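Shared chain: chain A. Partners: chain B in the first complex, chain C in the second.
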Partner chain A sequence: MLKVSLSDDIPALEPGAKFRIIADFAAYDAVADREGNVMIKKSLTIIAALGAFAGAVVAVPAEAQERAVKIAGFGAKSGVVRVFGINSEAALKAALEQINNAGGVTLGDGTKGKIALEYYDDRCNAEEGISVVRRIASTEAIIAVGPTCSNVAESLFGILQKKVGDSSDSGLQFPIIADVAAKGGLAKISEWAFRNVPSEFEMYKSLFAWVKTQYPDVKTIYGGVEKDFAHSNATFGVIKAQAEAGGLQLLGQGEWLLNDTTFSTQVREMKRANADVVAISAHPFTTCGVLKEMQRQGVKPKLLIGLTSSSSIETLQGCGVQAEGIVIPTSFAPVTPEAAKAAEQVAKFGGSADLHSAAAYEIGFILKTVIESQKVMGKPDTVAADREKMRAGLAALKETDGLLGKVGRTADREAIKPFLFVHAKDSTWKVLHRPGS
Partner chain B sequence: MSYLDVIDTLQSIADGVLFGATYSLLGIGFTLVFGVMHKINLSYAAASIGAAYASLIVLSVVKAPAIFIFMLAGLSGGIIGFVIYVVCFRFIPQANPLATLMSTVGALLLIDEIIVHATVGIPVPYPALFSDVIVNAGSFTLRGDLMFMFALGCLSMLLLLVLLYRTKLGIATRAVAQQSVAAQLCGISIPRINGLTFVITGVVGGIAGAMIGAAIGVLSPLLSLPLTTKGLIVTVIGGLGSIPGAIIAGLLVGGFENLFQYFRGVTERDLYVMLLLFVFLVFRPGGIFSPAAGRD
Partner chain C sequence: MDFYLGLAQIVGVHTLLGLSAYCVLLTGQVSLAQAGFFAIGAYVAAMLTVLAGWHIVPALAAASLVAGATACAVGFPALRVRGLMLVVATLAFGEAVRLFFFNFDYQVAKGEVKIGPAGGEGFRQIRFFPENGWSTLDVLVFIWVFVALVMTALWWMDRSRAGAVLRAVGEDEVAAQSAGINVTAVKVSAMTVGGFIAGLGGGIFAHYTAHIEHAQFGVALATFAIAYPILGGLSSVFGTLIAVVFVQAFLIEGLRFLGDWRNLLFGGLILFAMNVRPRGLIDAATIAAVKRMRIRNREPGNARTQGAE
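Let's look at the complex of A and B:
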């Protein structure tokens, strides 16, 4: 009978491996002749020939391949925040395609190499995130980009070595650069942790300073917060502090949970407070629930302010009409040629460019710079050294190129990104103001 | 307590009771399956939300009135219910209670993940009826969409009771629930009744899912787990297997939930709902309406 197998002397399929087709045609002939089924014989011969051809095509000789610098991405690709992972992966792929199509990266020995990405799903779960990064660290990846959720980043950065070179600290020595996890100050946890995430402190500080000049008659603010989500809850603290620093009086705050279904009690209290400004620190699902309840109860503040993460397409799809006029600071809008091109490229990979995924896109180019400046080798036997070079290279950065302009880097490995204010108008996000312009 | 506090308290209770109609429908689904098969279908709430999502498929093709979408949600719920019966119950050994329990947990996660993959987790707007109608009585207001939802919930419960108590199918269903061996000896096909029970509860669940979507205005996979918990609480408080119990308990849980939220805040709300459950488990383990004991 016909058997197709790998040759015994080739232990595993590697670049350069060849398939050997072992066809026991003698045994087959007996059956075929007996049944007179010549057609089957011919068909199998063709299949065997095609198999051999496919094997030859798939197993390209090693020397013909370019060296690949392996990087990993990880984030939520399942669960209710799957959209973060989908967009991040698309943005990374879009950036790497640009880099690789332009010739790739120059490695330490002068050869050219491509950047290869493998993306993992952490389900926005801290334990899963830690497990994924341990798995990534056991591969040849020299750096990981992620995670998408602050709760994952907070726990994950905790397993990394705190201080580089501390022999008493057995923490993981693996560089990670976060693209989405937005809760402030997370990179401080470990010297192996970096972020290309906008500073919400700076964004809301600037927003309330702008509110003071544009809406001099507003005096009071009422807040709404999704209590059980790390990012919303932490950012609400920033919003409150900056609003008060901007001279607004906080009249109260409504609280709800990420998967709540009714908001009538909270909005009733909001209505009674009758504040000039309402600030909602929540993700699109509950932001929409609250905005719809506000419409029902006729709550119409002079100004509506939202959470950075809500400046996405989900909010407009969920409640574009009710969100009309909401002002949100964001670090991305397709307002420069680079940003417009990035949005187009990310869409090509099935994602949507927003303040989170745009950070991932920028990271692709940051990594190229670091790989080249640190003379990364990208060889299996230099993985540990390459990781250390990546960490050192990222730590040494003072400034990077961003889609909206130059991005500053702080001593505690955070980014100072340019940002702008957008507002919802006719169910699209329109740029309202560019600070500094 | 000021006048406004009294109004707010009444308002919280009214809003909660109106929304509680959806909990009642979910509780009925849990309790009916338990009554007939003595099994818990943990995928029920997820299937209900799944049915509401499925009903939106038609909206992506043509513009349809909200009531048509609600009916389609019921129909989708029936189909999903039958699929769950076939996958999670029909061919799984009934003697092992854990086997079906775990298979329905699997179905819950599967349905959730299908929704997440189909929608990328993005909230999807759901149509509502009478959403612009608000009945005002001074400071006291009632939402038109919630009142419609409550009426639709009551109508669905009424139709279900008619089906169970006034039709041959209902008699057969109750016969299987009370004495399955005797029912079988009378010529009633147990698998057929079980399958039909899943279809009926699926239809009820689909309507509940549509009502929930209409009340919130958007659907999200985030809804499945909390609704599963609420459905189970309602089933226990109402009395396992008791349909009137599920109806009353649903309204009760909805009202108490809002009341606790008003007085103690959102972070403590679920704590008190759980305490309510424990109070029932300790002092009235059979629930509000303990069903009459069967001959077994």
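Let's look at the complex of A and C:
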């Protein structure tokens, strides 16, 4: 007779199991024949054949298959900022390929395993980001890498459990490490949240200190900000504060939105202010729009400063000529052998290495370290424990290896990354200064 | 499982948003102000739970009342215009509300950190649900209790004289006026009820996303609000629900794997649906067909009835 234990057999099919299934169905055939139920017989024969085929498919690779530790990535792969998600995915894939080709990771029981990545699109939308993370949490992924946008990170980190072990807090207990979302202080929202993004406060503090020594004649600054984008807006506050701390007088500020395409009014105001320095806190798309309008109106400040996120290939592709001379602090440039190799590998996966995707690349290797140090098992029945281990492992890190050097980790789960200043020269990014060198 | 429960939460909140527009659309008016009322509800409810420490239920009640009162106040001047002019007027109102919250900064110190709306950076840490130990299922049930209440109330209203009056104004304003209906009062009432429901939805939205900011309440949300009842059909409140499920569960979640193509397909599928079902997914003909089917099934001698016997 047909065994009820059939489904129990399938996940662990041993050699010959498929024949037993056929035999079980054959026994049922006899009964069916006696009862004259030809339709059922035919159906079951087909099911048996399919079952045998599935058994063969499942059983053969099961012997050869290595364990896979599942991780998930998510970010904006559609919409205005889609390029960030595409670059992050490429960087993660590049890093994981390096790791897997070098033998993968050593799991808690001593076996070797590969790291498998699934990447999701959140469209830079908080509501969709929550949905994506809930979906990821319902899979066997032990950690998620993302998101792109700070507004998504705000919501996501908000739905996570605030303090680990707080039984009164029903927030999601799932570790997330951000690669791109750059708005300051996001990781402190939850103990399950981590970031590998540079401190823009330190970057602009250092930049304006450097400006003071290199450009002693500049006295005034005019700001421009992409007001509706959380990162641009928050960083503009940092830029203003550091510029004033550096002795520059703020003459005014122009504001625009991420989806704006005309900037003539803002640039006219900028021209009227006639400041020595112009600082643009915006992403490549509107930065290029503003730079082109500045060229059209003949606005030529002594020094042009940009947002960290604009130190990317998109700015050079969109307005390389107009961006000539713009100075930007960044945590990535292919100035070390590791960084040059990373840039090459990311390009192989259809992405471009910049400060954000380089962070994703570094995260791949951070996760390998944590998986091994925390003895992650990577089994379906250890998913919850593995997530706890990943969180604890990330929280315990004091230092990680970055592409530009050692990266410090703070108690509030943020990174202290080495950085440098680049400027656009002949439509490429050239290193202008390395603080501390 | 948690993912599906979370998705059902989103469907619930968007259903409230769609139903808020449904009320106004019944009177033949197209309002793009619903996102504004939704934003008011979100910020008021969040401020009450986070800053004042209220329980979420009174906070939602207060948020709904504030949004409803705003809708009533906006309704009088806005509904003096009609058609495209009303669309522009309500859009302007929605943008004004969004820009108000864009500049609205009211933070208070709570321990070492400041909490409250911080202008363009938004309002973070709206954590009533997790801080009070509510599971995803608890939140889902909470949301759907409100959705059920609102849908039942609107369903009942549709079958009452009030519903007939609303539809009469929507079908032919002049005829309704000549029949003695105070058209302005009806329109303002619909706007008020719509604002109340949008405020309720916004209040819940703020709490399940844990962070709100002005950008979430823009023209896109306003468009979604009116798209749901138009796509679902104005013949029944259930049409809005069906449309929300179609958009949120199928188009947005189901097609996520398509990446950028999803956005293209999204518009294409809505166009297709509107062409195939120009009066909405659930129109009057569908409802009549369902009723006929039910009557046939109840008739003596019907196969099903016999089977039951």
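We take it that the second predicted complex is superposed on the first by the 377 of 437 C-alpha atoms of A that agree within 3 Å, B and C clash if a C-alpha of one lies under 4 Å from a C-alpha of the other, contacts with A are read in each partner's own complex, and residues count from 1 in each chain.
Keep in mind that, in the parts below, a contact is a pair of C-beta atoms (placed from the backbone, for glycine too) under 8 Å apart; a residue touches a chain by one contact, two chains touch by 3 or more.
This structure is a prediction, so every number in the text was calculated from the model and none was measured.
S.K.: Identify whether chain B and chain C fit side by side or clash on chain A in the overlaid structures.
M.R.: Pair status: clash.
S.K.: Going by the contact rule set out at the top, does A:Ala137 touch chain B (first), chain C (second), both, or neither?
M.R.: In the superposition, A:Ala137 touches chain C alone.
S.K.: Identify the partner contact of A:Glu399: answer first if only chain B is touched, second if only chain C is, both if each is, neither if none is.
M.R.: neither
S.K.: If we overlay the two complexes on their shared chain A, which of chain B and chain C does A:Gly171 touch? Say first, second, both or neither.
M.R.: second
S.K.: Tell me which partner A:Glu127 touches in the superposition: chain B (first), chain C (second), both or neither.
M.R.: In the superposition, A:Glu127 touches chain C alone.
S.K.: Touch test for A:Lys227: chain B only (first), chain C only (second), both, or neither?
M.R.: both
S.K.: Between chain B and chain C, whom does A:Gly289 touch in the aligned arrangement: first, second, both, or neither?
M.R.: Once the two structures are laid over each other on A, A:Gly289 reaches chain B alone.
S.K.: Counting only touches as set out at the top, which of chain B and chain C does A:Glu66 meet: first, second, both, neither?
M.R.: Once the two structures are laid over each other on A, A:Glu66 reaches no partner at all.
S.K.: Taking the superposition as given, does A:Gln161 touch the first partner, chain B, the second, chain C, both, or neither?
M.R.: Only chain C is touched by A:Gln161; chain B is not.
S.K.: Considering only the touch criterion stated at the top, classify A:Glu118 as touching first (chain B), second (chain C), both, or neither.
M.R.: So A:Glu118 meets neither chain B nor chain C here.
S.K.: Stretches 9-17, 45-53, 99-107 or 153-161 of chain B: which one clashes with chain C?
M.R.: After superposing on chain A, the stretch of chain B hitting chain C is 99-107.
S.K.: Chain A residues touched by both chain B and chain C?
M.R.: Residues 78-79, 82, 227, which sit in both footprints.
S.K.: Can you tell me which positions in chain A touch chain C when the two form their complex?
M.R.: 77-79, 82, 120-121, 126-128, 130-132, 134-135, 137-138, 151, 154-155, 158-159, 161-162, 168-172, 183, 189, 227-228, 230, 233-234
S.K.: Can you list the chain B residues touching chain A in their complex?
M.R.: Per the stated touch rule, the residues are 4, 8, 11-12, 15-16, 19, 113, 116-117, 120-125, 131, 134, 141, 143, 212, 215-218, 220-223, 225-226, 258, 261-262, 265-267.
S.K.: Spell out the residues on chain C that touch chain A in their complex, using ranges where they run on.
M.R.: 1-3, 6-7, 10, 102, 120-122, 124-127, 129-136, 208-211, 213-216, 252-253, 256, 259-260, 262-263
S.K.: Using the touch definition from the top, list the residues of chain A that touch chain B in their complex.
M.R.: It comes out as residues 78-83, 86, 227, 255-262, 264-266, 268, 272, 284-285, 288-289, 292, 296-297, 313-314, 317-319.
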